[in-house]
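What follows is a group of structures, each given as structure tokens.
Note that chain A is present in both complexes that follow, paired respectively with chain B and with chain C.
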Partner chain A sequence: MSEATMVAAPPVADPSLPYNDTVAGAVVGTWADDTDQALFVAPDKLLALLTHLRDAEQYDLLSSVTCVDYSAYKGKARAGISERFDVVYHLYSTKKGGGPVRLHVRVPDGDTVPSATGVYPGANLQEREVYDLFGITFEGHPNLRRVLTWEGFNGHPLRKDWQEAYFDEETKPFKNRHPAGSYQWHEDKLPWGDNNTYPAGWDPDSWEAPVSYVPVSQAPHRGFGELDTQSIVINLGPHHPSTHGVFRMLTRMEGETILALEPEMGYLHRNHEKIGERNTWLMNMPFTDRLDYINSMSNNLGYALAVEKLLDIEVPERAQYIRVIMAELTRIINHTWSIGFILNDLGALQTPALYAIEEREMILDLFEEVSGARLMCNYMRFGGVVRDLTPGWEERAKYLVHDRLPRALDQLDELLSGNEIVKARGRGVGYLSAQDLIALSVTGPMIRAAGVPYDIRKAEPYCIYDRFDFDIPTLAESDIYARYYIRLLEARESVKILQQALRDLPPGQINAYASATLSQGFGTIMGGKGGYTFRPVEGEAYARVEAPKGELGYYIVSDNKTNAYRYHVRSPSYINLNALGPMSVGYKIADAVVILGAIDIVLGEVDR
Partner chain B sequence: MESTMVTDFKDIKQEQMQEFLHDSIQVPDDLQSNVMVTTLDKVYNWSRKSSMWPLLFGLACCAIEMIATAASRYDLARFGMEVMRPSPRQSDLMIVSGTVTKKMAPAIVRIYNQMAEPRYVLAMGACATGGGPFKEGYSVVSGIDKYIPVDVYVPGCPPTPEALIYGLLKLHEKVERQSITTVPWYRKGANEAIPVPVLGPDIFDPRKVQIIKEQTLGAAAAAKGPAVSKARLQPQPMAEDAKARIRAAQAKYRAQKQPA
Partner chain C sequence: MFGTGLLKGLGVTLKHFTDTFTDDRRKEPSRYEGSIKLDDGRRIIDQPITQEGLLTIQYPEERRLLPERFRYIPMLLWDTEIGEDRCTACGICAKVCPPQCIWIVRDSDENGKPITRPAEFYIDVAVCMSCSFCAEFCPFDAIKMNHDYELAVYDRYPQLVYDKEELTVPLEYYAALWPTQFAEEQAHRAKEKEEELRRNEEKKRAAAAKAQAKAAGVAEAGDGAAKPKRSKEELDALKAQAAAKAAAKKEGGADAGAVETGNAEAPVAEDAEAAAKRARLEELKRKAAEKAAQRKKEGGA
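Let's turn to the complex of A and B:
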């Protein structure tokens, strides 16, 4: 620990540090270089501090748990960190709103960290992810198994010394390809011609996969009074039409009633974060498109905001408006799509989805016009957007938001909301109380359907959302029907924002740099060598947006290099799955399919 | 007015039937409205390509575009393909729509093995074709053709619905060129199941166990099993006579394809 960055841990609690008056000795220091409140916490006092923050300070939402491996850190300000790993917690308050409390627990390799699941049950999946990718053991975690890779996987891939089979160099652009343009097929480098590595001394003939303890196999068994019935385990997925992609559910059932349900994922784990740490900052932008591939624009926006926080650049007015317009259009896409597929899961096969996709195509046409791609827009840039709106775009968008979309939403409402089957299957199914949902770190439409008016656009406004007049609709029921209906209401609010944004859209620049070309743009300004290689200041930033599925956060650590040192995505789909098990218990297996549909996950974002 | 419409309709029908009629056997004029002569191949292929049911199977982003292709704007029903079957046993075509990860690869191979012949595979998008933007990732398979044979590759990230339809039409062309006398699924012993890859410390193909052993255990320890020569591990240039054979076959194919 260097003295420049950290106040040395005193033998008695330093009263000048926050929270030390109530939980003595919990906070042992702060980063010197941070704007947000970032506190070092002693591992043994972590749970006491978390309990205090939750109960007395109203920080009821554990938003993000992640880890940084500082073993290869090259920056100056944080150099000389003795502990290798830094587990980072972000806490928010759904009651107060505002910014986070950021806690750092720093541990050397091999040490354990107390599990936060006892205080915040929502830490469950995130701690499993940290265990999987970094190999940090959380003491007291009820179910610490691999989650994105599989049991028996060799090593922990996000450690800085772990190298993939196709490893070239630590960071891009790779010198063996750029600028000379020479290449060698990765397949030719390895004898088996595949993207695989095997540890030395491993014998495939005698390999037996380790058996992992899956909680549903141990779920309590209840008989039917005198009748002694047997419960069975049913596996849904990873190839199953109801799971919205490659997702797997293990259910223990008695008859048709679910006794326990355990989600299994990782079937679309595409190493977003490992690749993101090799990429230059700008190279990550198209990768964010592929996280939640229904809403590429909001993913772009979140990442741009996070990097802009480090770069400290002002985004011009016109670009701000364009960003809001794009983000709200994706919200409408997502909500109509998700309504269509909730109905699909309810058995209304295809017809409502066809109505929803029709509207989506209209919006995709607008996206294609400005960005060149229907799905993977790659449209936002640090400091603005990449291209201005095309001539006539505004008129077409106005026709949509004033005329076509309100009608389409009314039509969906009219056709579906009063439907007997939707009511019978949706009302009272999948209930979970608002307190439980928040404790499970659920965000987005799910908690608003439980009566919690928590929306980051209002709670901690970003971009220019504070200028628009819109409401946060809430419903009290917290069942499938409410989750369906809240999406319709939110889409209507988005239409309202869009109408105002298109009315007020000013002329002007679309990027903070007069010339948006890469060679003269931010590259030279930020002290890089040109083009895509700018260097943000050293430090860390966490930016979050209200993505259609919930809170989408990007946690980045920069060591003043042209690549991200740590790049983590707090994905709403993944963390909302915490609630799937508790929500499904006691309902029928057919309901579990709809409960999953109403959480609205996208596997690209779940598995990253 | 009415009569011309009917004759027009008959002309169109005649025109459409031309491609299915037999090349050389001529039907006498007075029988033409009742009798038509064609070949078994043409009927067989026409019926197969006109109702090729895809597997309801989405992996990643490309699946969204696949759904869009099946939806009302692009309307896959025009090609008799709107019936997506959730069961591999009822489907003819597997559209591998998205990134194939190592964790998912065993499931995909198993599903492929469960499909009944004739079966086709379309690799949709850059990831299914060769790993795409995620190729360098540690848990991504560089293309589904490492495990199962692919008939059509559709590039794009993701391919637009138009591109997917173009790929499907190319597949229809391929089906039309097949002959019932030579198709592999009526031959003896042609339907061997593909060995399902196993998830070890990293995924491994049971067919490559020997190569892996040589690397991890050293050549001496691996020699206990069937020996694989070191030379086989290096990429081999194609022999000249093999190249000549391929060129001759290509020329022959092109000559046949020219219209008479």
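Let's turn to the complex of A and C:
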């Protein structure tokens, strides 16, 4: 922060507000009764405050950047505020742990916000997302263009006045389904005609997809001495088996060496957040299954925690244990799956992958037995879980975690860890320092493989994780091999947690709504035959869980309606992709495939 | 030594291979333990958690044994005991459905008065996300999750939009698929019925006691202990008001009488109605079977 901005600060800075003694005039207000500290920040002081928070207060992780369009807000908290948008930042500390600092920057329509990429490079993809979906311009962003939708997309879909094709109504339930049942067939409406609109002045016929974006177009080309060489652009994907879905890596190559790599995504974008805002609170639960479809249980858990924060309900003991058991089983599924597919990407086709997912089948059988589905479990509810465990489930789960899983993990270890090819391909490839990774907002096994012992289960314990005895394994190397091996170690820790949780699993109720009554709800809340809708108090909440892929956060805003006013998913897969480009530069193109594999993305969560 | 890691790994795969191979060569491989053999030679395999080795279920000759809670798409229950749909067209399933794929037309009687029965009930099963909220929140246990997952057809529309007939299954079918839950619900229903009987009984008893007390009160009224709450003039005025209201109603709605007579005739026609309902159930079953057969034929073609 320069001296000039200090001088230019308005003299009205309220010293009672936090950080105003060091960055005068940055914080202009707070929300009084808020669980997390929400601070309103003057846009021109944002960067100064972020720098201060990063350097002096150790808030080194910019977890989430998102935006709320308040133009249709019905609550009382916004009375007298004319700005349409709030850009919301969540900062955490990987050194101190604990809760977030939440910053709101109020922006009128058409105004710009200074880009945080200079302070936190990890804001890159998230600011692009906000630009894409809300149309807010970030000044100073190096590569501000649409990320989830394409360049010819008309409008900004998360604005409250934007409506999708086949628009029915603002919120569900739609009134035309009952009692008259006049449903319009989607097939009756013209699929490719009227509903396709383009921005003004946009001609779809004359448009050509730009081949080289920043930074691919600006990649330095060194050449080989006297030789007249060229660098070429190669598209890996969108249809390529190594990309784990529909995902494109735009690379500029010199020979086989990567000069620059740019992730291109959005092929699976379905505007999950808009769907979430149309849904009632409960309806959204099965939609969260579809984010990271390998780990539906932890997605459910994160969303349930966020809404529970608003509702302020206590979850019964048994439900807490069941939740932890499900979340940890999911982590083992994810890590064995991910190990298998890192090996797949290395060229060890199928054998390790099949061995790795053998146990997954058994875990999915357990999931299916309690929830009715193997992948789309839809098992958690606000205040607990939906159904109790079946008779005999515990015994089978105990057999699994005491006998099968440890054996299977040892077997994977024996099969792969000493393998000379894995070592040769993995050691020293895809290196990025811990500091860079945190600056790029990377979370999860990726930073633990770089020696940062940051795990939300320990740093800001949720559920009942503070009761279990487990370690956070770390490795110092921060390469492919470490990212492979850390997952094995974490799966072993999960087995440890599972053994304890299954040992201590108490009898009792599985959800809070069986007994509790809430003022916001219709008598009982979410009880099987009880109310199916409720109105949480006005406010906002951010809950995060240590999902297998990293920090999974849900940011929700309620205006005391049956639907979420704003629903945002901070998805680890998407934000970890910040590191893909920096990680791949200088390595061979064959390594880029494994580097992507070791980030462990799921496109359902990347594109949302 | 270079290569030891590779050899170790190969040892693991070799062990895996021999384990699976020898198990498969056995007269009764372990994967058939606890499996159910059907008449047509097919098997339903219950995959035990102790199963070792890689196991392939040879679909469609072999299928997995589905757990009771398995949910695929919803079905509507036809209560065979009383011979009618359990659905009352209350619309809660349509309101709670996340993709909003249920739509219901409420039935009405000949006078246009809505009645608690669905005239049409559609589920777009191509949109259904199998969340089972409808089954969870139905207050009448009328909609439950079916286990039938072989729904492939050539055209999404209209084959994958199921109407009421396609969705309806008899109660016995549900009882066979979800035995534990069905037993729980039956017990709950029986208990509720008992409770209602008891409450009615109590009400009757209370009324009798009240009447007795009233009679006693009238007997004692002679000494002026029980004064009427309203004076005679007030009561007369109220009576006149009520009479005027009734007259106005009679003039306004001539069909009010028709409804009453319709209700009066209902008990007489009950037997015929039950027979008709039974016939309709048979028809429903036949149609469902036909449609399923047709679907399968189209799928196989």
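Note that in this section the second predicted complex is superposed on the first by the 545 of 608 C-alpha atoms of A that agree within 3 Å, B and C clash if a C-alpha of one lies under 4 Å from a C-alpha of the other, contacts with A are read in each partner's own complex, and residues count from 1 in each chain.
What we mean here is this: a residue touches a chain if its C-beta (ideal position, glycine included) is under 8 Å from a C-beta of that chain, and two chains touch if they have at least 3 such contacts.
Everything numeric in this text was worked out from a predicted model, so none of it was measured.
In the superposition on chain A, contact of A:D205 is made with chain B only, not with chain C.
By the touch criterion defined above, A:F287 lies against chain B and chain C together after alignment on the C-alpha atoms of chain A. Of the two partner chains placed by superposition, chain B and chain C are both touched by A:E358. Of the two partner chains, both chain B and chain C are touched by A:M376.
In the superposed model, A:E164 lies in contact with chain B only, and not with chain C. Residue overlap on chain A between its contacts with chain B in one complex and with chain C in the other: 168, 187, 286-287, 354, 358, 361, 376. Contact residues of chain C toward chain A in the complex are 2-6, 8-9, 12-13, 16, 47, 49-51, 54, 67-71, 89, 91-92, 94-98, 100, 102-106, 114, 120, 122, 124, 129-133, 136-137, 139, 145, 156-157.
If you check the complex, the residues on chain B that touch chain A are 56-61, 63-65, 67-68, 71-73, 86, 98-99, 101, 103-104, 107-108, 111, 131, 133-142, 146, 157-158, 160, 198-205, 208-209, 211-217, 225, 233, 235. Against chain B, the residues of chain A that register as touching in their complex are 148-150, 152-154, 157, 164-166, 168, 186-188, 191-205, 207, 209, 238-241, 245-246, 266-271, 274-275, 278, 286-287, 290, 293-294, 353-354, 357-358, 360-361, 374-376, 603-604, 607. Here chain A touches chain C in the complex through residues 168, 172-174, 176-183, 185, 187, 279-280, 282-287, 351, 354-355, 358, 361-362, 365, 368-373, 376, 378, 386-387, 390, 396, 399-400, 404, 411, 414-423, 528-529, 532-533, going by the rule given at the top.
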